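Chain IDs A, B, C and D follow the sequence of writing; residue 1 opens each chain.
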Amino acid sequence: MNKVSAPLLDVRNLSVEIASTTIVDRLCLQLQRGAVHGLAGESGSGKSMTALAVMGLLPDSASATGSVLLGGHDLMSSDDAGMCDIRGRRMGMIFQEPMTALNPLMTIGDQVAETVRIHTSTGHDESRAIAASRLDRVGITADRAGLGRFPHELSGGQRQRVMIAQAIALQPALLIADEPTTALDVTTQASILELLCGLAEEEAMAMLLITHDLAVLARHAARISVMESGRIVEEAESEALFRNRTHGYTRTLISSATHQPAKVARSQDAKSLLTVEQVSVGYRKSGASLFTDNATRTIVKDVSLSVATGESVALVGESGCGKSTLARAILGLEPLLGGSVTLDGHQISQSGGLPESAQRAVRGAMQVVFQDPFGSFNPRHSVARLVAEPFHALPHTPRGRDLGDAVADALLSVGLQIEDGTKFIHEFSGGQRQRIAIARALVTRPKLIILDEAVSALDVSIRAQVLDLLAELRAKHNLSYLFITHDLAVVRAIADRVVVMKEGRFVETGPTDQVLDHPSAGYTRELVAASPEIPPEWLA
Amino acid sequence: MIRSNVMSVFALAACLNMSAALAAQTSITVGMQLEPPNLDPTGGAAAAIDEVVYANIFEGLTRYQADGSVVPALAREWTISDDGLVYTFALHDGVTFHDGSSMDANDVKFSLDRARAEDSTNAQKRLFTGISMVEAVDPLTVRITLSNPDGSFITSLAWGDAVIVAPETIDTATTAPVGTGPFTFSRWVQGDRVELARNPSYWGTPVALERATFKFISDPTAAFAAMMAGDIDAFPGYPAPETLPQFEADPRFRVIVGSTEGETILSTNNKSDKLSDIRIRKALAHAIDRQAIIDGAMFGYGTPIGTHFAPHHPDYVDLTGQSAYDPQKARDLLKEAGVENLSLSLKLPPPSYARRGGEIIAAQLREVGIETEIANLEWAQWLEQVFRGKDFDLTIVSHTEPMDIGIYANPDYYFQYDSAEFQATIAELKLASDPSDRSRLLQAAQQRIADDFVNGYLFQLARTGVANARIQGLWENAPTQANDLTGVSWTD
Amino acid sequence: MMFGLSLAAASLVIFVMIELVPGDPAAFMLGINAAPDTLAALRAELGLDANPAVRYVRWVSGMLIGDFGVSYTYQVPVAELVSARLVVSLPLAVMALLLSILIAIPAGMFAAARRGQAADVGIMGVTQLGIAIPNFWFAMLLVMVFAIHLRWVSAGGFPGWEAGVIEGVKALLLPAVALAVQQASILARVVRSALLDTLTQDYIRTARARGLSRRQVLVRHAFRNAMIPVLTILGLQFSFLIAGAVIIENVFFLPGLGRLVFQGITQRDLIVVESVVMLLVFAVIMVNFMVDIAYAIIDPRLRRR
Amino acid sequence: MSRIRHMPRALLVGLAVTTVVLAVALMSLVWTPHAVTGVDIAARLQPPSTTYLLGTDHFGRDLLSMLMVGARTSMAVAILAVGLGMLVGVPLGLSAAAMHGGWLDDLVMRGNDLVFAFPVLVIAILITAVFGPSAVNAILAIGIFNIPVFARVTRGAALAIWTQDYIRAARVCGKGRARISMEHVLPNISSLLIVQGTIQFGLGILVEAGLSYVGLGAQPPLPSWGRMLADSQTMISFAPQLAIFPGLAIVITVLALNLAGDGLRDFLDPRIRRAR
């Protein structure tokens, strides 16, 4: 691309400090009209602070230095009134969380029209008309009822479209999108990204697309800046960036994102460890009376699944498809409406419930790792106590020294130190916590570990390490995994077999490569197509 | 007979009959601490009823005057048969009730028959039990026949419970009283006030006031504030004696201090095993410093008494010396009685003389080694536990009925004094008609109960009132429970 | 359904509680020298001789047709007494609430807008003081200053609305102020913290990104969202103000509901106590119901489609 | 913009004053400047002097000594009432949260709503009318209304904890609801309970003052701030110290407790919100 025209946005030596900690360090960035500029980096790298500094919306505790020129006008020297005039009119911003980023008490029409009304002298009807046309542009049918709807009546994707509409209502020159699709399902993500990039081109906007997902940028951004610890370590055109991988950090990021742990060899004829037979799970609808029959909402509908010893099975699907509910049902945390679950030859769950003793017999054989590395641990217990918790109510609980040894073993096997057992959970990073969670799952020497989005909250580099650890442990202990995830990249990395789930039912089951490379079900094809991927040829 | 009812312990009514001068201001707001539960004096016991309606709305055949004497009211005059059994009353002519109907002998017969009937709810029914027959001889003549002679019958008829009511309006008398008095009832805002208006067709001397409002303020602080702020013109039974010096110092106000019939006593349960020993009761009497109680609880208002008798009565004997404050003697007596670590319950009803006096007495008893456990009770609880249940050691209460020493002759009365000798004295008194005999017997009775240290005799309750300095004609003393406004007027 | 059940449960609790109160209303009415037969006659007349179950049913079924019984002491229908008291208590509660709102909402908004600054610290300090002051003590000081020394208003009492609206409002002013101080302090704190809560929400940032100034954001977006916790507190306060003015009504000798109950308890006019407490509970449940409706008006998420 | 970091300071002041009041209350057990049980009518209504630092009341008792013992009464009643509320309310709230959506939860919440619907002061007066006025019954009356407060706060906070993954992890380990409540839930809501306890403590002192003001609190001769106010009200114009000092004592104590409570809330855990 030719760089003759003056950049629309010119950020020079931007530094942001909070409580004398440097968050953004002498950052320089130029954006051109009509182009999408990617800003990549892991959490805490300062991406969002950069965006907020450009918008002049830094928290009160932060201070910024340097210069931000928008179309030649210095934003850093504007007061808040001046910035108010520019925000919404000359530049707009889209945030990550569509569920909370819209005022729940205001109709979407009013929220979009508000951008128009506070910047122009347009009347009520006219601003509503503009709002309607902008909503129409982002794909929200703008009949009158549409304008009068409230955010809670819309899906996440629709809300994100409303967000876009209110940001582009006055056709700003600059649009900043901060992780605009991170909270969305992959199929929704694809369409939102298409919409954004189409808008940037059509309305000649400069767009700053901030994301942690390199694959998203590979597909949509013309240029990419990579941020690490507040600094831009590399900036290049997309393809060049991926092909050359000049900077070490960029290399790490790219290799982590596409990381594949060593495949685990295993015998194909291993016996079935976990059998899920025609299981249905659901809830009684709130407000429904005890006496009406069809008062339940079924989340998981009549599904069957088996996991063999040493096998790793991925259960993949979008949010709300019932995959986590099924996982909880297998763990005995949800009652079954129908069907049964058998583990290692023992029936552990069936509709109508089973005595506690049925579960106790095999309790040590099945463990779980949850997604949230922050919410998974009681902050008031020592790590050793946390790790030892699964021994509770096992028939043969080790005591004293044996217990200490078991905990030490588990900690060592996930790459932590024995001394870490005396510490508390707040002393550990997210990745370390997920290791502790795995240690906790390992301590009873289980046969099956259920991993519920266990790596989704981790940055790519950490994720790669944890995936390696999981692969290693599986090989060492002949473990079976049931991996619940929405991320096809993770599926590819860890699963022998994959089960695709949609609206409570299984739509496709098969070996990972076969399902992902040659999907047979329409939904699977859609899913695979929508999953962003760095073109393999760029990585050659 | 003697009456002692719960409400009346608050009751501090007033009297002073003066000629009424016409003044520019013709309305008055009178403060009262307690609100009457209803306005029918023949159907309720509360003193507050009489304090509103007595002499103002309702009248009886006879009535009390400010000085305590009883004079003719609706009855012009009467004759008594020689055997003292038949009373013939001549009624005033031209007396009408507020509804316009005339008051005649049939109304009198109705009222008295109703009061003494089997199902009567008259609180002072016993006043009428001596009546054997009431006859309307002609419209202006009533003949009453008694079963036994009764020297105090004329006085009994002056009670608020003996007022004359009309059969047509008696059913609504609780909320809309219709009487023959100089004021008519206009309205009652429950919880706040009762309003009266001048009766234009009053049979007697018309009153100076055109309107009168009784306002009910139970809280002493609020009473003080209302008086100070001028919201109330007169508060005859003013409940915060500690503030009287302020009113005295303020020329806008006049402080009226009078006497009541209220003997304030430390009632002692004579049947309690801790107190049945006279030495212990005597020790209690000597442990008490009356003046400290009068100063501390009543801020100096009150007269020490040594027996159950009003000091302003001619037959009063000052026996305070017999139970003079002497803590050492009290300790000796206790030692002599062989009691140690005596602990007594002291149950106090709401009035401040009891609550404050109780705290002082507790401290004084502690000085001589007697511990008390104070329990502050509401009237309902006090009635239940102390008066009826007799579950107490000590209590403080003011007996406000006139000439009520006879209660000591009733061994079932709550303090349970049972003395054959005293009972004989009272029986003799009932039959005695010679004034000097009566005087002797009354003095003997006073001496007897003082000698037996039945109760701790503290002080005669003073009637402390505050009024706007321009008001005249309010009662000073309280011979009966009343706020007689017939003689009240404003000066300029 | 829930409504009826709550009321039924409440009525039972109240009845049982009142049954436990020692003291006989008839004995109280007749005084200490009442003859036993007089007492029995009165008890029968008041219906006190029936067994508790019968009296409960009598009471509840009476209330259902609007008959709350007849006061033992006043011997007038309880409904009449209550309505006479309500014309004092209700306006007092409304005045106190209005005062409280008028003070608290601007103060809370002002403090929230200046979070951490001297004005905020000052306002919050005053509200802390307002919460800590016993209202009867404050009332006492008010009377001393405004009624006795300055003689601007009367020390208490209520002339009745027929004396004119101005006179009525004047009589209720000091009590309303005394009641409002604590309520306003609580409310101001709630307004402030609710506003600060909503100001950290994502949609506030979105609105700022749209170009709204801090002030516009506060007025257009934060305020309405902050109304939800504020409404909850307002509902609680109104319930409290109707019933909770017992002491204040005594200080200002106002003929209100609170004093009626207090008097009813001390005079063992149990039918009045029962009925008024029931009425207060009913009022609280009604207020909660109305608050729920108000939630739905403010928050579309709570509306039924 | 100059920012005043007021919270830590407020917390310090609050805690310090609370400690002083508590210390004074405890000290009154062994020493007061003058005896508070003696009555000395001759020395009544004296203005502040070197003998009587704050003057004397209408019975000639030393006001300062009365205030010290009154602090003990108020504090003891409030602490025990809050303790009663916690002792009953916290287990109720914990069980309700553990059985979320079950009949027990329903029962606790309905019961809470019912108690909340009753006018506090009126019922407190009724309770003392039933059982007779005494400090114990004041504790009971105040305590009963603390039960739903703690039940509600505990339930709300516990429900938030119950959604955490570590609860799920514990359940997978086969731990029962009761055990999880004690081991995982209670420790993690304890700071919230301390904060609420502090605030209820302050409220308790106010309610106790109100009850003893109408004569239903601790009985004489034990001094209590509320009754001291009631006793001295009519004397405010000639002995203002009698009405002013007990009032100030209440204000200062409640203020200190509220400051401490608010400060603790921010200090112990900035994430927790005032539960309603």
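The rule is short, and it goes like this: contacts are C-beta pairs under 8 Å (C-beta built on N, C-alpha and C of every residue); 3 or more make two chains touch, one makes a residue touch a chain.
Everything numeric here is computed off the predicted structure, so don't read it as measured data.
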- Message: Going by the touch criterion at the top, tell me which pair is linked by more C-beta contacts: A-D or B-C.
- Response: B-C
- Item | Gap in Å, rounded to a whole number, between the CA centres of subunit C and subunit A | 50
- Query: Could you state the distance in Å from the CA-based centre of subunit B to that of subunit C?
  - Reply: 39
- Message: Between subunit A and subunit B, what distance separates the C-alpha centroids? Give it in angstrom.
- Response: 87
- Item | subunit B residues counted as touching two or more neighbouring chains | 221, 350, 378, 381
- Task: For subunit D, write out the residues touching at least two other chains, lowest number first.
- Result: 1, 129, 233, 237
- Item | Junction residues of subunit C - those touching two or more other chains | 22, 140, 144, 148, 250, 265-266
- Item | Pairwise chain contacts under the document criterion | A-C, A-D, B-C, B-D, C-D
- Message: Could you list, by residue number, the parts of subunit B that touch subunit C in their complex?
- Response: 3-8, 35, 37-38, 44-46, 118-126, 174-175, 189-193, 215-219, 221-222, 225-226, 228-231, 350, 378-381, 383-384, 387-388
- Complex contacts: residues of subunit C adjacent to subunit D: 5-6, 9-10, 13, 17-18, 20-22, 116-118, 121, 124, 128-129, 131-134, 136-137, 140, 144, 148, 193, 197, 229, 232-233, 239-240, 242-244, 246-247, 250, 258, 261-262, 265-266, 273, 277, 280-281, 284-285, 288
- Item | Footprint of subunit D on subunit B - complex, ascending | 220-221, 224, 240, 242-243, 245-246, 291-292, 295-296, 350, 355-356, 358-360, 362-364, 366-367, 374-378, 381
- Query: Contact residues on subunit A for subunit D in the complex?
  - Reply: 60, 328, 331-333, 356, 359-360, 363, 366-368, 370-372, 375-380, 386, 389-394, 437, 440
- Query: In their complex, what parts of subunit D are in touch with subunit A?
  - Reply: 1, 164-166, 168-175, 183-184, 187-188
